[in-house]
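Consider the two complexes below, in which chain A is the common component and chain B and chain C are the respective partners.
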Partner chain A sequence: MTNPTLLSVSDVRKSFATPRGPLKALDGVSFSIKPGETLALVGESGSGKSTLALVLLGLLGADSGMLAFDGRSAAPIADRAHRRPDRGLGIVFQNPHSSLNPRMKVRSLVAEPLKASSDLHGNALTDRVVTLLEQVGLGRQYMERYPHELSGGQMQRVAIARALALEPKLLILDEPTAALDVSVRMQILKLLKSLQEHHGTSYLYITHDLGTVDHIADQIIVMYLGRIVESGRVQDVFAAPRHPYTRALLDAVPTLDPRNRGVFVTLDGEVPSPVDRPSGCSFAPRCRWKTRRCTEIDPALEVADPGRAFACHHPLASGPDGNELDH
Partner chain B sequence: MTRSILDITGLDVTFPGLVRDTRILRGVDLQIQAGQILGLVGESGSGKSMTASACLGMVPEPAVVSGSILIDGEEVVGRSDAELNKMRGGQVAMVFQNPMRSLNPFFTIGQQLTEIIRRHRSCGKQEAIAAATEGLRSVQLPDSNVILCRYPHQLSGGQIQRVMIALALACRPKLLIADEPTTALDVTVQAQIISLLYRLAKEAGLTILFITHDLGVVSQLCDRVAVMYEGEIVETGSVSDIIDNPQHAYSKRLIEAFPAVGRGQQTFKAQGKPACGPSIIMGGAS
Partner chain C sequence: MKTVVQRLMLMAIIILGVVTIMFILSRVLPGSPAELMLGGHPTAAQLAKAEEELGLNKPLLVQYVDYVAQIARGDFGNSLRTGQPVITEIANRVGATLELTTLAILLVMLLGIPLGVLSAVRQNSAIDNVARAVAVAGVAIPSFMLAIVLQLVFFGVLKWLPLQGRIDPVVAIDAPIEPITRFYLLDALLTGNWAGFMSALAHLALPLATLTILLLATVVRITRNMMVEVLKEGYIRTAFAYGLPRSSIYYRHALKATLIPILTVIGLTYGNLLSGAIVVEFIFDWPGLGGFLVFSLIENDFPAAIGTTLFLAGLYLTINLVVDLLYAVVDPRLRTS
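Now for the complex of A and B:
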């Protein structure tokens, strides 16, 4: 194949039944990840990012959609649920305090996946655990510690070692640095980056903080209310966001420049409830460029340049529109 | 404008131990002028939150507190619980990091707001409801009547944090202590809350001690910064002083660790534009 993809999913849909009607958590999501590449998945709480992660892992059954992973042919994604988890997929959760068993030592935490799916034991197992810990920058002396004896950054390193134990081809990172201090955050991102260079693992990096995205990701997908509103290469999207929501997310990231003090470009309101999705474009109620067309017709995801897509009737052009937010 | 609302001098907090005592705070000195916002930055365990607790007289037993904390001229250290209870709310109030955990899930927002107001102002129910409505309006929660009847789980994180700010401000304190109030929130909602606090300080003359580990938030919001490291204030100054010319190694590390949109933070600094600057420049190059 000329253009290999590691993972491709198409038209994933998942809705939850609620007393107030169906909640569409994922509404036709399609994307693909190439080997060794990092795809950032960005959006506010409630945009469907974590649901997508659970669906990919098979921890949650999807309603419809196809998935092709690691050279196999596409199969309905719903089949993944209630099956043995795919060894090629790993996950690092947001909060290591709650994702690591407090009653297990680091040694057994890292050894657990190895015991479950390989016949390593005895010294060979210990050696493998030590190698894994060293890869994430922790020495042998951490083996006999419990999670509460570690700092947040060290715990997250253990979680990463655990996820890497089975040498996954794709690692899902669900806000891996959100629970960490700013100074530790960059260390973890650097570690992930160097691990990727070493092993060629692909990452699906889920976050709501655009500030960290371009340190680690190659491609970006912006989600809003279960749909993709913009996608493309990180540098292209950051240089010229076409969807007003992407622009608002970029503007919300605090900068280190004190000259910006007291200048707030805020996005009003919050994500509407996915149960009563607004008619037309779901972002329209919060959008400052909305017209009547936006509230009536739902914009489709259009491919602009190769690899670049956005769903908006009035995309921010590289012209006067784009400057309107400039103060 | 020279009046200090918060004046901490030589604050020491020590936990007695079996082998040796642990000094959590070591001679902290900190002043905030009326109407100013001071950002207190430092990593977990550096003593930021302990400083905040000390200002409210809430240092846990068996710690020994020495030094002086003056809030609008009134000493906090060494006060009895009854006296402190009068100061809390009236002189100084606090907004915590995790709003979901700081409200009682069994009572409506209205019940919790009016309870506080009636307790401090000793007024009737109707008056308290009116004050609560007014309070919610001041934190830009428009449908105040609807919100008052809701339980905490029915609100979003951003709405709850606004309610917490309304609660804290209900008795018109002179000093508001905000302990990482936006850490649990989405970036977009964080921007809304920060802009609300900024307006409250600049328009209503509120004095704010803002505790965070995010220098980006500090540079958008604060007049001055104090950097805390291992229980000591290692550096204070204006935001631009500390960002352009950090003296202490920890300050330098914090600035280096700051993730900036557009990778080249240096580039945007050189251009003198905000982080969204490069995107506008490059995007608007037509």
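Now for the complex of A and C:
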């Protein structure tokens, strides 16, 4: 493989002006995605996940940062703002109720991006729409339906078919299952997984639900207040989280095995306002291991093993079953 | 279908209300219809005879019931001024009013909707600010004042356009317009009567401009405000994310969503248009229903006034019924119920 990365972004910054001062939604975010790989981006509300998606698509201008996509050389990410998004970059938004125009039939909803990106028309266009719908598990009979005649899961399938119509190399999935019933979430994730195997698409999977990450993702990035606090391969991070915030997120995932209901690290309080970010480590006010050093010095994101990084002065032990709680 | 029947019944009740109000007004206002019918200075005996003929000596309640029954049969009576059946008078004038109001509403939509979209897409730009300023001015200027200013400028100063009327009397004799649809512009076109067409167009220009300016503001503002809201919708953001052409996003996605409120406003505006037409027709001596209504009221011609009012009320209600039925065409979600 001559070019092992499909997308790489470095040092993306975006702040919003608020009456109380600048809100740093993205504060120096860097990562890369390889072809055919899924990168999960997790964090609580307000951590900057969706802002990042909008910046990548050019729907929102970034303040600084570089971006290289699909073999092209790196260019300032701000240049992308309010231009037509790159070919090869697609998105599935969180809520299909709002992302599908209620006044259009499924046929036109799927055909529309096709018409914009190709010169298909007539029967060839209809055939392509049918193929796309079949790929997402919907039959031809759904063509003449309106979104309000579909279930949430079916709507999200239509949204995925629309995104696939552009034949993206990277598909951004912005909490694609958050608005769906629990019972259909796994179906949608399985669909996405099988589509990935079929097309070799890369995914940027944005979620706050860690329970779904290991089903779909290869790599994970944990964000807190606009910064990456931990990153690595999913199995490594899940087996031994090094940042206390990652640990707390993982402990918040419900488990069905009563033997695993051991000691939980729960989070107290709210995410601090990104407008008046605490000095030192942003997570310190909620961290049970914090020391004076944490409140004074902001920890940098350090690479530990290859492909593994975290930003913490007192990382949790990397052992298989560390007794870090006695710390 | 059920809703249509319900709406028609509701319309009947509203019409009955209008009949009642008009009846009460006609009996309360000073001036006897009998005097008008006789003209000059009638003797007491003549008056009594006329009042008996018109049924004015019966108890009010009986008069009311008789009147409602007469209207229900579709008989609006005879005009006291002309002696012609009111229905005939209306039929002779409705074409002029419909031509004026229909063209005005078309022009308002044709100009107002794109202007509103442009204003919304370029929010707070120079175009938006000018459009909003013009909109406020349009609402604030009374129609009679606007009409007279237009007459002063285009007839008095520039001498480009005729002062009033529907067609030049000379043209009307040399190249008379054959009444087919009673829309002069259309009839002249159909018969290839160019002289008639140009004269009708010149006479139409000022009253049409007055009504258009009067209503344009409302449509521009509503379109703009609705568009601003719709442009925040998730599916608009999605459309941008998929790189769809901007014109398609604005006109296919966004405007379609705003059509229902715009339709509603246009339906309601039709009421303003009809009342505006009454003033405008009077000022421009436009031979339509509005001018006829004004003269009927001035001269105590109650059958004509009531008949015209009922006709206009029915027209307004019908337009709004059609608008409601159009909702289902525009929004598929309303079709199932």
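We adopt the following convention: the second predicted complex is superposed on the first by the 307 of 327 C-alpha atoms of A that agree within 3 Å, B and C clash if a C-alpha of one lies under 4 Å from a C-alpha of the other, contacts with A are read in each partner's own complex, and residues count from 1 in each chain.
The criterion applied here is as follows: contacts are C-beta pairs under 8 Å (C-beta built on N, C-alpha and C of every residue); 3 or more make two chains touch, one makes a residue touch a chain.
The structure presented is a predicted model; accordingly, all values stated were derived computationally and were not measured.
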For this session: Considering only touches as defined above, state whether A:Asn95 meets chain B (first), chain C (second), both or neither.
Result: second
For this session: For A:Arg162, decide between first (touching chain B), second (touching chain C), both and neither.
Result: second
Exercise. If you stack the two complexes on chain A, which partner ends up touching A:Thr255: first (chain B), second (chain C), both, or neither?
Worked result: first
Exercise. Comparing chain C with chain B, which touches more residues belonging to chain A?
Worked result: B
Exercise. Should A:Gln154 be classified as contacting the first partner (chain B), the second (chain C), both, or neither?
Worked result: neither
Exercise. So, does A:Ser202 touch the first partner chain B, the second partner chain C, both, or neither?
Worked result: neither
Problem set entry | Touch list for chain C against partner chain A, complex | 233-235, 237-245, 248, 253, 256-257, 330-333
Problem set entry | chain C-facing residues of chain A, complex | 57, 59, 84-85, 87, 90-91, 93, 95, 97-103, 105, 112-113, 116-117, 146, 148, 159, 162-163, 166
Exercise. In their complex, what parts of chain A are in touch with chain B?
Worked result: 44-45, 152, 181-187, 189, 208-215, 238-241, 247-268, 270, 316-319, 322-323, 325-326
Exercise. If you look only at chain B, which of its residues touch chain A in the complex?
Worked result: 43-44, 156-159, 186-192, 194-195, 198, 202, 213-217, 219-222, 238-240, 243, 253-263, 265, 268-269, 272-276, 278-280, 282-286
